[in-house]
Each structure stands twice: as C-alpha cells, then as structure tokens.
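Each structure below appears as structure tokens.
Here subunit A shows up in two complexes: once beside subunit B, once beside subunit C.
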Partner chain A sequence: MENLVYIALFAPLVSSLFAALFAQKPKIQLVGIVTSILIGISLLASVTLLLDIHESGKAVSVTLMDWIQAGDMDIKFGFTVDQVTAVMMSVVTLVSTVVHVYSNYYMESDKSFNRFFSYLSAFVFSMMVLVMSDNFLGLFIGWEGVGVCSWLLIGFWYERKDETRDVNPSISPSWAANEAFIMNRIADLGMLVGIFMIYWNLGTVKYSEVFAHLDQLSHGMLVGIGIALFIGAMGKSAQFPLHTWLADAMEGPTPVSALIHAATMVTAGVYLVIRANPLYSQIPEVGYFIAVVGTFVAIFAASMALVNRDLKRVIAYSTLSQLGYMFAAAGLGAYWVALFHLAAHAFFKALLFIGAGNVMHAMHDELDMFKMGGLKKQMGWTFFYMGLASLALSGIYPLAGFFSKDTILEVAFNEHTYGIWFTLWLTAGLTAFYSFRQVFLVFFGDERYHEIGAHPHEAKAYALWAMAPLAILAVIFGFYKEDFVEFVTKLLPAYEMSEHTHHMVWILTLVTTAIALTGIIVAFIKYSKGLKRDLNFEQNNKLYKLLYNQYYIPVLYEKAFAKPYKELSDIAWQEIDMQVVDATVDGIAKAVETTGDVSRRAQNGNLSTYLKWMAAGLIFVTLITVISVVIK
Partner chain B sequence: MSNILSVLIFFPLIAGVFGFFVNKNSIRVYGIVVAAAEFLLSLWLWMSFDTTDAGMQFVEKISLIPEFGISYYLGVDGISLFIVILSTLMTLLGIVALSIKEDLKNMIITLLFLEVAMIGVFVSLDVILFYIFWEFSLVPMLYIIGAWGGPKKLYAAIKFFIYTFAGSLVMLVGILYLAYIYHATTGVWSFSLTDWYGLLLPTDVQTILFWAFFLGFAIKVPMFPFHTWLPYAHGQAPTVGSVILAAVLLKMGSYGFVRFSLPLFPDASVAFILPIAILAIIMIIYTAMVAYAQKDMKQVIAYSSISHMGVIILGTFAMNVEGISGSIFQMLSHGIVSGALFMLVGVIYDRRHTKLMSEFGGLAKVMPTYATIFVVMTMASVGLPLTIGFIGEYLSLAGFFKVSPIMTILAGTSIIVGAVYMLSVVKKSFFGPLANPENEKLKDLDSKELWALVPLVAIVIWLGVYPKPVLEPIDNSTKALVQLMHKKAQTDKAKKIILVSKDAKEAK
Partner chain C sequence: MTIGLTHYLVLSAILFAVGLAGVLRRKNLLMLFFATEIMLNAANIAFAAISTHIGDLSGQMFALFIIAIAASEVAVGLGLLILIYKKYGTLDLDNLSIMKG
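Our next item is the complex of A and B:
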C-alpha cells in the first residue's frame, strides 16, 4: 500500500517535470498524452487506496524523510491516507485527469502547450501534498504550492496588457494572478500564526499528536487557533472579504478554472476545517461564526451572479456561493455533509466549467452571454452536459446536488439556526435562477452570435467523451450517500438529525425543490425566448448597478488599500528615506566637513595671528584660574 | 590538514599576489581556477567537519603578542561553517559571471583579497584578528565600487567606507573596554573570544558594551535607520560587487550579533529585545514599502535585502534555538537568493544598460530561461515552502512568536509585503506586451551566465527540500550557544526568556 501512496503522490510531479523539459519548445502532442496518462495513474492509485481503506478501515501512513529540525521542532515529510484523504485524493485526481485530457483539446493551438501541462501537473502534485500530508506544515507546503501554480496559470497568457476596469474587470491575466497571490498571502499569515500557536503550545504540528492533546489547551487558545486557521481557509476558499481574486482568476484558461478555481484548490479551506474537526468540535462558537460567514458568502455571491453577463464569472460566483454552503455545513459541525457537497460540487462544477470552455471555443473566446444564444442547435452535447450540471447545481432530484445541498439545509434546520436555513434556502432559488439564466441565454432564444461573426461548432469527440465521467458522477453520486456516510464517519463525527427533523425532512425537501423549480421557471420565462434588454433598467437601477459592479468592492479595495499603499510607499522613499534618514546622515557628514573647513582657516601660517590667539588663550586660562580660586 | 582554516585564508591571498604576474589574457581562467580550488577546499572543510560536535573545530592558536594576549586564533563551528562556504561559493560564481572588460585583472585580484577578508572574519576567534579582517574587508569593496562603479561611484564608495568605518570604531572602543575589564577581573590580558565567553559582566557594563557593538553591527547589517549607505553602494557597484556585498558582507553584521552580542551580553540582549524588535519590524515593513516604490530593478533588490535582514535580526533576538538557527539559515538563504537576484539584474543591465523597469515589460517572451530563473528566485525570496527561503523565515518567525505573538504578526507581514514588491517587479519586467522595440532582439542567458545561476537554482531547491545537512550542524552549535547564554544569564528575565531546547536539557 505504501507504494501506492508514493505513486499517487509523485506521478503528477514526474508528469510536471516531464512537461517542463519541453516547456520552451513548440507544441508536442506527446506531452499532453504522457501527462494525462501519468495523472490517470495517480487516479488509479488513489482509487485503489480508497477501496483498500474501505475494505480494511485502516489508514495508510508513510514517512518519506526529515524536513525541518531545529530546537525542539521536528517536522518530517509524512503522509497519511485515511478516509477523508482518500476521498479528497480520488476527487482531485479524477477531475485532474478529466481536465488534463480535455486540455489536449482546449489548448490544442496554444503556442505554450507544453508549458501549460507542466504547470497543470505541478498543481496536481501540490494539491496532493496538501491533502495527503499528516501535519500542518506539510499542508502548508501544498497550500503555498497550489497558490504558486494558481498564480502561474491565472497569468498563463502573461503577454496581454492591462486594461481599465470597464474594458476588462480583471484588468489583465498578470494583474489577476498577482492579486490572487497577494490576497492569499494575507490569509496565509493567519494560517502561519495558527501553526505557531499549535507548535508552542503542543510542541508538534502533526495532526494525530495535535488532535490527541487538544485537551491540554485552554478554551481561549483553542479559539485563537481555530480563528487563525480559518483566516487561512478564508483566503484559499475566497471567503468574504478576501473573495475578489476568485472572479478575477477567470483570466486563466478555462480548464484551469474548472480544476483549480472550482473543483479542487478553492475547496482546500473547507478541507482544512474538515481535517481540523476535533479542534472545531470543541469551539462551537467559532464554528457558528464560520457558518455565518459561509451563509453570507452563499447569498452574497449568488446575488452577483444574478446580473453578470460574463459566462465564466457567473460560474465563478456560483462556486463562491457553493463554497459558502460547504462552510455553513462544516461550521455547524456536519463535517461529512460538507465533504459530501465538496465532492458532488467538484463533479458538476468542473463539468459546467468545461462546458463553458466548449462554448468559449465555439464563440472565439467571447464571454458575453448577451452575444450568444441559440447554441443548442450546433452544440447539442455541450448543451446536454451544461444543462445537466446546472440541474445538479440547482439541486434537482435525482442529481448529486439534490442530495448534498438538501442535507446542508436539513442540518441548518436541525441546528435551529433558522436564519441560516432561510438564507441558504433563498440562495437555492437564486442559484437555480442564475444557472438557468445562463443555460437559456447561451443555448436558447435568438442567435445573437451572428453579430460578432462567430461560427459555432461542437467540441471534438474525445473532449466530449472526457466529460462523460463527470456527467455520470453528477447523476449517480447522490445515490451513494449512505455508503459515503458510512465510510467517512469512521473518521469524521457522525451527524445525526433529531427525531423532529426526521419528520420534517419531506417538507423541507419539498420547499427547497419548490424554490429551485421556481428559479428555473422564472429564468425560463425571462430568457428562453430570447434576450429582451431593458437598457434603462440596466443603466439606472441602483441595485442592478450595485450587483453588476460587485458591490463596488474591487474599486473600494483599489482606492482604500492598493492606491494608498502605493502612495505611502512613495512617501516612505522620497520623503522619509531620502529627505529625513539619508539627509541626516549627510547632514552629520556635512557638519563634520564644515567644522574642519572653518577650523582649517585658523591655520593660515600668519605668525601674528597665532600670537594673538596665544594671548587670548593665556588670558582665558588665567581668568578661569582666578575665578576658580575666588569661588573656592 | 588540521590547519585547513589557515590554508583557506592564505591561499587566496598568495594567489592574489601571484595574480599580478599572470598574463592579462589568462587572468579570467586563473581567477576561476583559484576560486574553484578555494571553494573545493571549503567543501573539504565541510566533509571533514564533525557534525555532531557543537564546539569549535579545526582550532589553530599561535600567540602573537603574548603581553596583550593577542593571538592568531582560528576555529569554525556550525554557525560559521556555512557562511565560509557561502563566501567561497559566491566569490567563485561572481568571478564566473564577471562581464567586466576593463581592468579585469585588478578586479579578480581584488575579489581574491576580499575573499581573504570574508573568510578571516568568520573564522577568527581572536577579537583583534577579527577586527583586522573586519576592517580590511572594507578596502577591496571600496575599490570595487570606486573603480568599477556607476556615475556616482565615488560618493557611494566613500559613503560606504566612512559610514561603516565609523560604526566599527565605536565597536573597537567596546572591544578595548571589554579587554580591559577582562584584565581587571582575571589579571591577565586576553583577546580570545572563548576566554571572553567565560566572563560574567555586570548588567550595566553589558548595556554599554551591547550598544557599542550594536553600532558596529547594525550599520553593517544594515539596520534601520543606519541603512542609507546600502542603496547607494548597490546602485553604483558593479554586479559582482553587489552580489558579494548582499550575499556575504551584510552577514558580517548579523553574524556579529550571534557570535558576540548574544553570548557576551546575554542579559543586555534580552533587556533590549523590544527596541531591537521594533527596529527589525520597521526594517521589514518600511523598507518593503520603499522597495515597492522603486523604479530601478536593482534598487528593489537592494531594499529587499534590508527587509529580509530584518527577519534575520528578529530571529536572532528570539533567544531560543528555533529562532537563532532559523536566522543563521536565513543568512545563507538570503546570501544565495539575493546574490542570484543581483546577478540576474546584472544580466539585463549588460544587455540594455539600464535597470529601469519602465524600459522592460514582456521579457518572458524573448528571454524565457532568464524569466524562469528570475521567477524561481522570486519565489525563494518571498519564502515559498520547498525553496531555501521558507525554512529560515519560518523558523525565525516561529522562534520570535514565543517572545511576542503580536510583534511576530507584524513582522509576518513580510510574507505579504515581500510578495507585493517582488511580484510587481516580475509583472513590470517580464509580463505584459513586449512594448519596447529595443527588447525584441534580446538574447537569453548565455553559457557563462547559466554556469553561475544554475548552481544557485539547484541549491535553492535542494536546501528547500532537504535542509538537514546544513541545518543540523547549525542547530547543534546553536543549542550549545543558547545553553551558554542560559548559564550566563543573571537576571530573572533573561533566565526566563532564553529558552534551552528540551533534548539539550535532557542531555544535561
């Protein structure tokens, strides 16, 4: 079994290094094929491990080698595959394999084809390190690693120039990449602080040892650690107020959005909370705070998706919103529910994004949904996939999203946090609406794409086949809920609904399905027959403009943080460093020089001047002597 | 070879003198051969170093002026070993990457003399000897900046010289005072550092001496507000000068804190954690902001050096093994990374004769290998895990967290502000459209540059993934150092804050 762990972990690294060998060469098809196969091998190893752990119920642990030893700190590269890790590994490698295969199609005419695969596989490796590590610092390696890969991939088309916000709200790929990196770094500081607290209080950062000794810590310390780690999670999972980078990250190629910014990396924060469940179980007040933040983000992000016209941004907001659902579940203590939604979401959201990739290809990279329409005719399969994914996202029976999202709502109800329940319920309606607004705007109604001279075409067969596993899982995953629960609750706390909730379940299900259907129907009425724009409304309605401009938060950040920081930096350099600090140094030097210069004049070689000075000196000394004698 | 340390000092000295007689056309090869031999000797030192022994090894002691207890006294432990190797490595790579045409011979000879001074500083255990090497190191650098520098070279060179020299003089007074106290207490004269370690000083004397040494070290590091000579020196120095200055010479200051201030004045060191930490935090945040404001690529790296030295100082004053080991490791890491970054700036300067970022943009397209190495070094500079930059920064901050969580959080913003200025350099220089037509035909790295840079990339990743070979000896010697400090500490506060590691306690 140990070998499988290493294969699952290192196959992506080998894949990345292999592709890197050809990074500066023109496209080599073999690179795409080899990397896809290597990621596939990692998938096979992961699934085998999953089945094995299912069978044996025992986690597999390996220690590769020492890493940092200083003082009493002893950190090793150690990896543990337990139930939660096995699920994460399988989800990550599955989506990764699909995305690798699909990228062969999507990036087929990109001149940096090989470089792309190198970054993509490096991401998979980092993600595997993140989920497999058996200690917090190992997790942090993966945490930062995925951050860098995300930076590289968002800025993949680095040569594009900066635009103003009204031309491109994300400014440019390289700008968006830097934004993502820096914003994540802010959160990472929180995470580091959490790790420091754990180390100095428990003397170790290994999960098993940390969680076994949590009872040695005071409640205040637990709260501190819980909050610090959650700040880290907020960055990676783009929770408010560190959320703006995710929408801008859509500057990356679409397969990247599917893999990193929907299915895997952004769920790392949720994974962290699930992983640290022994900690969060002891501090329900922090858990409640997490749930509230998650719930807020759910509706906050959904509201922005309602009006956006950008195909990818709508999906990005929906990702944000669904991450909010996951945090709500995890915060309320229903860790397995969060993990279940994480997995289900990974499947249907990746499917949705890849479908969007097909549409973009067909539309020559046009992203404005108002310029699409009627694509169902040319792109039947893509329509089918995206429609399916949207149904799953909306939580319609019998798709995966129905089971996972409904359970979250039940949890909120069961915890008597009715505010959270209501907000999430409302969000479910919004979700259904914006998802189908998108489907109808793209695939139904009048063919507006003629205006931009597009000639839509369906994606290649193998690309469509590559999407099939995701589609199948989006359909059937929900039926495995019972098995899933049984499997992961060997590690995670079982979450039991109360008797009362049990009786209410069918009503809850009904009202949730009802609001989702309502959302779909409204979208159908409004958008399926074609686009009727109300320009007056778009330009003058305050709420519409507020939502369309993301509550003006990016502009606010620019004005409140980015710009003042730049100005302050300029002041620090020009005014303080040059005018004060350095000027003082030069001033002292100047003073010394002037003193020397002045006293130099005394030595003019004129004997009578010297004599005068001597006389003056003599008088001075005599005077002092006299005075001192008199005073005595 | 029990006198390997003498060999390390005198080999470049003799080779440098011989250099005057070497033909101009073969001086380059000569320089590389000498520096490579010296580097191999330092590696040999490492190989024969007993990593389990925390004390001084390869000790040589010859009495020079017995009346005053001055001797030729050398030794190396885990703390100094790798800084010695760093010095020989950076000298070698600096010579390999040399692109200077005029007066190459004098340049190489100067570099060899500089190497003598650097190694001398790090292996001297006699304080007078240490001071001689310390001051001697100024001369070659003065010459490098003053002779091969940019348009304001004389101003920069003289500022560098006088400023650091002024600080050193105060330190010299401190040294003499300390020797006087030693004589007054024991009745014999000695300038041997290991003798001085045994001295228990009253806290008020410690305070005076601490600040006297502080001035010498702080200007060298350079700590805020004594840092303004550095941007001028870097701005005017030729590439090789900046590489050595950033990689090794600044480390003399931080090494001084570890070697002198902590063990000689443990109580004063603990007492002044707060002001030192405040200065370190100002260095980290304020200079990072100043770095962000720069328009010249080299100035960004120059200011970033100050910012990173802030983390090192903070780690040193953590007073526990984690922090001090981390700060020593970070000295090496910063040496490698900033050295590489200065070389990288030199690469583009050789091609375009400008360092202004507004002249660049989109360079990744024409110089992909260059861009890749620059990004690797950027990531190491911002402290990405699995690069060399993470380990030291992490340990330094972790160590200081024990002293003050709040100040560590402030200092920890280094991972944010560091990313801000470094990523903005990358974006301005390498990303975006290739707008400037002068950049269209730039050549990527040539073999000479690759020979200098690829080893550094390899080290960055090797020591990021597997720091143990280096960290273990450092850690051993640091444990001994902290134990000594703890033993010597007289005030309760110092006893409490100086934290001996657990396994060292058990060993007792």
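Our next item is the complex of A and C:
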C-alpha cells in the first residue's frame, strides 16, 4: 500500500525529469510515449489505492522524511491518502493520462515537444503533492508548484509577440502567464497568512491535529483563518475579483487548458475548502459568504460566455461558472456534493477542451467561432464528443452533469437560500445556451471557414480513442452517485436533505431540466441554421458590449492597477534607481578608475624611476620613524 | 686623534649616501650594481664598528653573512647582465623600459 502511494506520487516526477533530459533537443516521439506510460502507471496506482480504501475504509499514511525541525517546530513531509484524496488522485491522474496521450497528437509538430511533456508531468507531480500532503505546508508547496507549472505552460509559446488589448483582445502568452502568476501571488499571500495563523495558534500544520484542536480557537480567529484560506482558494480557482487570469490563460496550448485550467488546478481551491471542512463547518457565516461569491461568479462568468466568440474563452468562462457552483455547494456545507461536481466537471470539461483542441487543429488555430460552422461533416467524432460534453455540462439526464448540478440546486433549495437557488437555476439555463451556441456555431450551419481558407480534418484515431475514457465517465459517472456518497461521507460530513426537499425533488429536477432544455432550444433556433449577425445590435447594444468586453474589468484593472504601478515603477527606475543607486555605484567605479588612471603614469617601465620611488618611500618611512621616536 | 665609533659611522653614512646617489642617478645597470655594493659595504662598516664598540660578535657575523650574500648576488646578477646585454645590446636603463603600465 505504501509503495502504491510512492508510485502514484513519484512516477510523474520521474516522467518529468526524463523528459527534461531532452528538453533542448528536437522532437523525440519516445519522450511522449514514456511520459504517457509513467502517468498511466500513476493512474493505476491511484485507482488501486482508491479501491483498497473503498474496501478497507482506512486511510494510508506515509512519512517521507523530517522536513522542518527548528525549536518547537516539527513538520514532517508526510502524505495521507484518504477518501477525498483518493478521489482527487484518481481524477487528476485520469485526466492527466488522457491529456498526455492526446498531447502526442496535439503537439506533434511543435518544436518544443519534449519540453512540453516535461512541464506537463511536473504539473501532475505538483498536483499530486497538493492533494496528497497531510499538512497545510505540503499543500502550499504543491499549490506553488502547480502555479509555477501553470506559468510555464501558459507561457509555453513565450516567443509569440506581445500585443496590447487595443490591438488584440487575446494577448500574448507571456503576458497571460505573468498575469496568472501575479494574480495567484496576491491570493497566495492570503493563504500563507491563514497557514501562519493556524501555526501561531495551534503550533502544528498537520490536518488531523489542526482539525482536532479547532475548539481551542476563538470564533473570531476561526473566521480569520477561514477567510484567509478562502482568499488563497479564490486565486487558484479564479473567483471574482481575481478571475481575469483564467480567460487569458487560454493562450497556453489547448491540452494545458484541458488539464490545468479546467479539470485539475483550478479546482484546487474547491479541494482546499472541502479539505478544511471541519473548519468551515464551524463558521457557517463564512461558508455563506463563500456560497454567495460562488453563486455570483457562476452567473457572472456565464453571462460573459453568452456573447464571447472565442472558442476557448467560452469554455474558460464556463469553467469559472462551474467552479462557482462547486463553491456554492461547499459553502452551504454540502462538501461531498462539491467534490462530486468537481469530479464530474473534470471529466466533461476536459473532454470539451480536448474537442476544442481538435477543432483548433482543423481550423489552423483559428479561435473565432463566427469563422467556423458546418464542421459536423468533416469532424463527426469530435462533434459527438463535444456534443456529449455540452449535454453533460448543461445537466441533461442521464449524463454526469445532471446528477451533480441537480444536487447542488437541491442543496441550495434545502438551505432555504432561495436567492442562491434561483441564480444557480438561471445560470443552468445560460450554461445550456452558451454550450449549445458553441456547438451549433462550430458544427452546424453554413460553412464559413472557406473564407479563411481552412481545410478541416478529423483528428488522428488514437487522439479520438484517448478521449473515450472521459466520454464514458461523463456518461456513466452520475450513476455511481450512491457509491460515491457512501465512500466519501466516511470522511466528509453527510448532507441530509430535509423531508420538505424530498417531496420537492421531482419538481426541482423538472424545473432545472426545463430551463436547460429551454437554453438548448433557444440556441438551436438562433444558431443551428447558420450565423445571422446583427452588426447594429453588436455595436450599439449597451448590454452586449458590456458582456463582450467582460464588464470592462480587464480594462479597469489595466487602468486602476497596471498603469499606475507601471508609472510608479518608471519613477522608481528613473528617479531612484538611476539618480541615486546607479549614480552611487557609478561614482565609486569612476573614482577608482580615475585614481588608477593617474597612478598608472608612475609605472613607466623605467627601473631608475622605480628606484627613485623606492628611495623616496624609504626616506619617508625613516622620517616618520624618527619623528615618532622624537615625539615620544 | 683616535678613530672612534663616530668616525666609522660617518664613513658608513657617506658611503651609503654615495651608493644611494649612484643608484638614483646612474643609468647603466652595471654602475647600479657597483652602487648597491657600496651601500652593502657601508652597512658592513656600520655593523663591524658597532659590534666592536659594544663587544658583541653578532654584528661581525652579520657583516660576514652580507659579504657572502653580496658575492652570490653579484655572481647571479652579472650573469643576468650578460644575458640582457646579449639580448638587447645595451645596459642603458632608459632603453630597457619594456614593462610599461
């Protein structure tokens, strides 16, 4: 059992280091194959652990080594695989394996093929550290590790030119990578403060010890810790107001978007809240705040997805929106529901993104959906997968999304937070609309791609086969809800619906399905027959422009934070650095140089002159000696 | 008039001054050698005189050492001088300034 833990954890590391050996070399197909197999081994180990824990019901703990020992501080580098971790590990490694295999196809003609796999595996390793660690500090290391890998992978095509938003709404990869990293840095500070507060008050960072001693803390302190940790979660899971980086992160290669910015890394924030459930259970007011933020983000992001024309950005906003759902569930105390939606979402969202990758390949990296259309003929399988994933995302029976999203809505209803319920219900309709707007724009209607001279082609067979596990899980995962609940509630608090809700379940389900179907039908009517653009509406409708420009928030951040900061930096550079720091350093250097220049003349190579200097020195020293003796 | 310590020291000082002047003024390497020999011998005179004056033999031993070292120095130095002369055809210091800073 312990060996399985180590295999699951370290196979991705080995994979990353192996690929790193060839990072500077041109493409080696073997690298892609070996890394895929190693991640696959990690998947096998994770699933075996999951089944073992399912049978035994006991968590597996290992201690790798003493990590920090200073004074009273004793932190071990330990890992625990319990029910929640096992689920997370299985989801992460499954999506990772699919994405690794798929990347062999997607990156086949990229010149940095080997480097890509090294980064991708490094990400998997960091994510495993994040979910497997048995203490907050180990989680933080993984947290930062995935941040770095995300930065590396968003900026994977760092050589692409830097463009401002005025020129191009999709900015350069290096800009996007920095934005993601800096945004996360802001949030990580909050998280770090939370961990400090925990250590300061309890003297330990180990989950089991921290959660056992929560009753020693005052209520105010618990609220403080809860909020600080949630700020960290907000950054990683791109919740408002730190959400702008996620849409821009779509500059990275599409497999990266599928793995990191849809299925795994962005759900780390949700994982943190689920993991810290004993803490959040004691502070329901913070939980309610989390639920409200999540609900707001759900509808906020969905509204932006309604009008966006960028294939990947629509999916990115939908990810944001679904993360909002997860936070809403977790905030309301239904932790297993959040975890269930997290897993289901990982499957169908990764599938959707990979499908988008196929479309991008076919369209020669064109992302504007208004320039696609009618791709169903050439890309039957991709259409099938993306359609399936969109159905799951919209929450149509019997796909996974139906079960998870419906449960979240039931929870919101059960808690009598009808505002949250209504907003999430409305969002379900919007979700269905924008998902199928995308499907219809890309696969149905007139073939607009002729205008940009694209020759669409279906992806290679093995890439399509690689997507199959995700598709199967997106279909069947919902039916394992009962097993899932029984499994994870051994660790997470069970959430019981009241009688009142039990009677209402059928009505709620029908109402939710109805709005989802309405969304799909509206999208069908509007987009399935081809694109009819109303330019007057697009240019003059205030609401459309507001949504299309993402509520002007990127512009606001640019003006309110980025610009003043740049001006401040310019002043610091021109006035302080150049005038004071550089001037001092240059002055010292110049003084030394001038002295040398002058004294160099004494060294003219003539022995006579040297002897004269020597004699002068001798006389000088003698004089000083004599004078000092006389004075004494 | 008896010759006392002072006379020896004055002689030593004069010889040292002569040697120093030679070192500073002369441009010929060979002459520089002679000048340093004069300075060494000025020191020898002072050593021997003071040694006799205070009745301690150490000074005279030092003088003997200096004579031995001076002899070997001259042997090495003259060899080098011959080589320099062979290589550059001159012993004039003004023409031998090849190591400029």
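Points to keep in mind about this one:
Criterion: the second predicted complex is superposed on the first by the 568 of 632 C-alpha atoms of A that agree within 3 Å, B and C clash if a C-alpha of one lies under 4 Å from a C-alpha of the other, contacts with A are read in each partner's own complex, and residues count from 1 in each chain.
We take it that a residue touches a chain if its C-beta (ideal position, glycine included) is under 8 Å from a C-beta of that chain, and two chains touch if they have at least 3 such contacts.
A quick note: this is a predicted structure, and the numbers were derived from the prediction, not measured.
Touch criterion met: A:615 reaches subunit C, while subunit B stays clear of it. In the superposed pair of complexes, A:589 makes contact with subunit B only, with no contact to subunit C.
By the touch criterion stated above, A:178 is placed in contact with subunit B alone, subunit C being left untouched. In the superposition on chain A, contact of A:606 is made with subunit C only, not with subunit B. Counting the residues of subunit A that each partner touches, subunit B and subunit C differ, and the larger count belongs to B. In the overlay built on the shared chain, the residue A:141 is in contact with subunit B alone; subunit C does not reach it. After overlaying the two complexes on the shared chain, residue contacts for A:159 are found with subunit B alone; subunit C is out of touch.
Remark: subunit C residues 20, 23-24, 27, 29, 32, 93-94, 96-101 touch subunit A in the complex.
Listed in rising order, the residues of subunit A touching subunit C in the complex are 600-608, 611-612, 615.
Put simply, subunit A touches subunit B in their complex at residues 23-24, 65-73, 137, 140-141, 144-145, 148, 151, 155, 158-162, 172, 174-175, 178, 181-182, 185-186, 188-189, 192-193, 195-197, 199-200, 203, 565-566, 568-570, 572-574, 576-577, 581-582, 584-585, 589. Looking at the complex, you find that subunit B touches subunit A at residues 159, 162-163, 224-225, 227-229, 286, 289-290, 292-294, 320-322, 325-326, 329, 362, 364-365, 368-369, 372, 379, 382, 384-386, 390-391, 394-395, 397-399, 401-402, 405, 408-409, 412-413, 415-416, 419-420, 423-424, 427, 430-434, 465-468, 471-472, 474-475, 478-479, 501-503.
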